[in-house]
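What follows is subunit A paired twice: with subunit B in the first complex and subunit C in the second.
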Partner chain A sequence: MWKLILKRVLLMIPQLLLMTLLIFAIAKLMPGDPFTGRFSPQLDLSELARLRKEAGLDDPWYVQYFRWIGNALHGHFGDSYVLQKPVVTLMGERLGNTIVLSLFTTVFLYLFGIPMAVASAKNEGKFIDRFWLTFNSITYGVPALVIFLFVLFLFGYTLQWFPTSGSVNIDAEGFVGIWLSKIYHVILPSVTIAALSTVGIFTYLRTGLLDNRNQDFVRTARAKGVPEKQIFWKHNFRNSMLPIAQNFGFQIVAIFSGSIFVEQIFNYPGMGLLYYSSISTRDYAVITALMLFYGFLSLVGAVLSDIILAWVDPRVRIS
Partner chain B sequence: MKKTTIKGAAGALAALSVAGLVLPVATSVTANAAAKVGGLDVAYNNPKKAIKNGTLKAAYISDTPFVGQWVQALSNDATSSSLEAPALGASIWTDKNFKFIKGGPVTLTVDDDAKTVTLDINKDYKWSDGSDVTAKDFEFEYELIANPAYGSDRYTDSLANIEGLEEYHEGKATSISGLEMPDGENGKKLVVHFKEMKPAMDTSGNGYFLETPEPYQYLKDVKPEDLAKDAKTTTKPLTLGPFKVKKIVAGESISYERNPYYFGKKANLKQVTYSIVAPSKAVASAKAKEYDFYNGASNDLYDKFKKVSGYKITGQQSLYFSAMYYNLGHYDTETSMNVTDRKTPLQNVKVRQALGYARNVAQVLKKYDNGLATLANTTIPPVFSAYANKSVKAYDYNEKKANKLLDEAGYKWHDSKKKDYRVDPETGKKLSLVYLARSGTAASQTTAQNYIQKWKAVGVKVTLYKNKMTDFNTWVSMMTDPTSDQNWDITDGAWSLSSDPSQQDLFSASAPYNFGHFTSEKLTTLLNNIDSDKAFSKSYRVKAFKAYQKYVHDSAFIIPTKFTIDYTPVNERVKNFSNAFGQHESWSKLAVTSKK
Partner chain C sequence: MIIGKNLLDAQDVSVQFRIDGEWLTAIDKVDLSVKPGEVLALVGESGSGKSTFATAVMGLHSNTQARVTGSIVLDGHQIVDASEKEMQELRGVKAGMIFQDPLSALNPLMKIGDQIIEAMSVHDVYPKDQWNDRTIQLLKEVGITKPERVAQQFPHELSGGMRQRVMIAMAIANEPDLIIADEPTTALDVTIQSQILDLIKDIQEKKNAGVLLITHDLGVVAEMADSVAVMYAGQIVENGSVEDVFTNPLHPYTRSLLRANPSEDTIGDDLYVIPGTVPSLAAMDHTKDLFLRRVPWMQKEAEETIPDELVEAKPGHFVRGTAWKTFKFPDEKKGVKK
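This part shows the complex of A and B:
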């Protein structure tokens, strides 16, 4: 087990290095730089040139790259040229929001997806099965943007049950008050995202539950007189959960990555919104740090999935 | 170098003018209650009685978070400036023409003979923690700008007109010799000594000196390299306006409470919350009555806002113009001068004029700007009523005139019956030009293609640069880097002006922002006249401005395109809201007439 983890983690190093090179090249290929937006006769071009030079943007790309790598290895990601804060501070402010959103989305996702699949599999061919199949076909097929906007319009603006933007009410006081407000702000986006993303869990689990009904280990259990309830939950369900567990790492990554899109729509100030605005303002320090973060997260997600699978399925460890 | 800002594709990219007048701010209703701009009321006159200790929720429409930098020397974010307005009171009050007046927290005296500007600080002028505003606080702002260690980008040639500031900026002096504090650092007087006096020094935002203080005692212990990110300048600032910061949610919103030490009238409102709202959500939030007014609204939202019940749309002329530029030369980096030497048919003034007359700008504005833009006749917006030359005619669509001018210029039709295209009389080649058109709004490409069709109709083949629209960042790189590809003939520029409209920065022979590189002795004379010693006489300056505008029109080195109106939807429960210029107790007077 530990060998496997070590192997996967070591494999991450060259992957990460290659990724950083690509990230840096892509960021530098974009026209303009963080000082382009300051362009104004109110400012002397020589002052902007001075600031550019001080920021090291006049150096050859490889010099900038190795400086960035060196700093990143020491945990220094520099300051945002535009938002005038250390990138780590900015990410800290936004990461908290994105984690809250992702956490609630993940919880709701499994809370919706698993019972849905169980109910469907237990009632194969019946109305309830057809209902959840249809529901997942619709949520999979309809563009998420349409649903997001509809939900915002209905529950946000018309019924005014939930806030439509931001991460916290500025008037919230005290630790509990602030956290309750934060949770209140993520309920609408997280429930919506979760409800629209169940198709993966639903399909894997439902198929697994139906397939495993006729597997040898289920028939053996049944032949031994094990009660049906126990067969379902202890044998069938647990085995059917393997692909779900394997997919857990990727699911987390998908939710984080999807935040770029979701936060934009719900105007939720997390990492996604920060990423979006840093690209439009050519805020290199933030762009590269966030791309590195998302890339790192993808690799961690893959490793996590492998580890979870190895943990729950001994056959993987042995092979 | 001081006064104008480029209008980028993204509003958030634009920096502020020194006077902070780019965006409309709420002002008193009393002075301009009946005034209208483009059919919109400048103020909203709510007859209902205000409730006591109300709470107001304002929104700024933007798809990017605000920076939240409170030190003016380090701030270059238009969004922040708007959100910080409730706590940023003007130190020196101005009238509706942006001229300094007496009666405010600081009295300004210009002495042309002594070549000084003196700031006298009222003894009751205090920071939001109750400490006195001192001469050192005003002097400190100069240090922040001129000392490179602080990382400010605001140091300019105009400021170098202050004695000793250039030496301080270059590290040759440890203090600024031209800033005198006769009563000491804690005194209430600052005398600024200049090398030469300028006519615009009686106008706010002139760029020759600074108008805002920074709390020296509060900030003095922060290391220069840390100042921009320190809590004292980002989340816990000391301010001077009628409100002070209660709480900031980074990038999202600011909550304000009354500033008990405010110099002027005590605020009617007990609390103000100013938030960012995304453009895609602004109208929906207005329908839900989430905010009391919306700043930063773009023209494409205007029709939708107009239909929202419970809101009045108010407006004000922008200090803005846009224009079509012709590429007539290059910027010589060795001499720092523009040279009008490019070999192009555009060197012929009649060709330039013809291209101006061939554009149907008024029709385009009618279709895409919802009545919030008008055809510009000059580069001085009508808000500068004393200086704007109304007798200059705009280049309005006139295909016949365009054809006549091209004929006169010698560019005959290749086939006069088919009227296919015109031919260059010197080379015999097709008259063709390259249009560096900027992307940005939904209508950008349609508008560019429309002009290309109109130019084609008069026989000029115009193609887009690299056959596509150019993004803002690429465009800026091309405009500011003389070594970049300069193979374009036509482009568009737009500027937000400061409150003194002198345009040396934009069109002088040495201006790096003179994108078209047009220079002439006459233009230099006309521009210099505006800021000359004689221009201390107002009538002379008015004449100089008008002569300059006439020359811009006749020489057609640029073709003015449009002037715009900023609009602000205001909730009907708001009282005393106005966009009028020259109001100084605007946020104090704001009130609401109901709780929701």
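This part shows the complex of A and C:
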């Protein structure tokens, strides 16, 4: 098991290198550079060229690349031109918020998706099953934006049960107070995202439960005289959870990157909002740093998925 | 209910499946019995209803998709109309079942030991403090050399033969009087097959258990069984001791099967092939001798309606229909039996 984890983590190094090359290439391909549009038209062009040279932008690409990597390894991602702060500081402020939002979303997602699928599979073809099938078709089919706005309008403006923006009340005091306020702020977005994203878990688990019902090992358990309830949880459910468990790492990544969109709508100051605004203002240093962050997250998600699968499925552990 | 001397007593058993809203008969009025210590082989082609019968004995047919009628008495307990709870108590205790493919029949996520213990944990035959020791002892009994190690392993870590040994250990965990083996060697290598058969025979003799052996391998029947029932299209066509049926086969189907089985006498000859296939459930008209449709020279007899009951041609040797009296292979000389 430890060997497998080590192997998987080591495998991340070449993947990371390849990713940095790609991100660097994309950044270089983007039109303009940090000085574009930042000086008045009266500025002497030779002065601009001097600044460019000073910033190392005239160096060959590989020199620039390794300088960037070297800086990144030391935690330096440059400064945001728009917000005039180091990128690391900007990310640090928002990372916590996004983590809170994503964790709550993840918990709600599994809390909704799993019982939904179990209820459906146990009542195949009956009303409950059709209800959840329809529910998932709708949440999958209707654009999330529409539902987000509706939820925001209903629970935020009309009923005023939940705040419509921000991550914490300005007057919250004390550790407990601040956290309660933070949780209060993430409930509406996290519950909404979770409720709209169950389709994957629901479909995988429901199909798995229905398929495994006729598997040979389930028949064996029945032939041993195992009661139906025990067969369902110990044999059917456990085996059906394999794809769900395996997908966990990717699911978390999807939720993190999904926040780009959600935070914009709920005006929640997380990484997603930062990413969104940095793209619209061409804040290159922030964009590349965030691309690196999200890319790294995907790699971690893949490793996490592999480790979880190895942990729950003995067949993977060996090979 | 009725307590007979038979371990398993099936009378007039029919099984129907619901397919596209229609009830189709897969097994028609089957009578079979297994005495303690007897090995009964149920033979026939794929699709003849052997496994359907075994599944009915275990009460494993879905009660919405299948309908079982008649009477199946297992060790004094009527199974046909038993509740799910009653069946749970009987399964594994009165009858243990060994399946065809031991890889798919074992839960891939559970350790071998845990799967055997589960069989004991759902019944009150052995107290909890004996489960662990008994698991090791069972694994030893089925010829596994490192039982402690195997108990901690997962199914995919074992060879096919080992897995089938584990299945057998699981089936006999609660010392059932009847062992149902549904093609126990079909998924195994030829070299392993005889080992597994020897093991089943060995256990059967040691425990004086009854065995219902389902197979399409006539060699297995000759080696293992005391009596044999030949099944075709959901009906028993011939039933008797292995000796009677093998030396003096009566029904055209039995005779064709034996003729299609390669033996020392037929070395160098073309292998006999029974033309056609078992009819689909919808095409089964159980009032006729269905096999005769596959005998080109007996098409007239194939249309005759025959009685349900088997005829006792010789004491203890039963055969269905009347065609056996006149049936001959085209190359067969008059009076010479193959």
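The definition used in the following text is that the second predicted complex is superposed on the first by the 283 of 319 C-alpha atoms of A that agree within 3 Å, B and C clash if a C-alpha of one lies under 4 Å from a C-alpha of the other, contacts with A are read in each partner's own complex, and residues count from 1 in each chain.
Quick note on the criterion: a residue touches a chain if its C-beta (ideal position, glycine included) is under 8 Å from a C-beta of that chain, and two chains touch if they have at least 3 such contacts.
Note that the structure is predicted; figures quoted are calculated from it, not measured.
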Is it subunit B or subunit C that touches the larger share of residues in subunit A? B
Does subunit B (first) or subunit C (second) touch A:50, or do both, or does neither? first
In the superposed arrangement, which partner chain does A:166 touch: subunit B (first), subunit C (second), both, or neither? first
Look at A:137 in the shared chain and tell me whether it touches subunit B only, subunit C only, both, or neither; answer first, second, both or neither. neither
Contacts of A:71 with subunit B and subunit C, given as first, second, both or neither: neither
In the complex, subunit A touches subunit B at residues 30-33, 35-45, 47-48, 50-51, 54, 79, 82-86, 89, 93, 152-153, 156-158, 160, 164-168, 170-171, 264-265, 267, 269, 273-274, 276-277, 280-282
What residues on subunit C touch subunit A, complex-wise? 58, 60, 84, 87-93, 96-97, 99, 101, 104-110, 118-119, 122-123, 154, 156-157, 167, 170-171, 173
Residues of subunit A that touch subunit C when the two form their complex: 215-217, 219-228, 230, 234-235, 238-239, 242, 312-315, 318
Can you tell me which positions in subunit B touch subunit A when the two form their complex? 1-6, 8, 10, 12-18, 63-65, 67, 69, 74, 76-77, 148, 151, 153-157, 207, 228-229, 234, 247, 249-255, 273, 275-278, 280-281, 284-285, 287-288, 290, 471-474, 476-477, 479-480, 495, 498, 505-506, 511-513
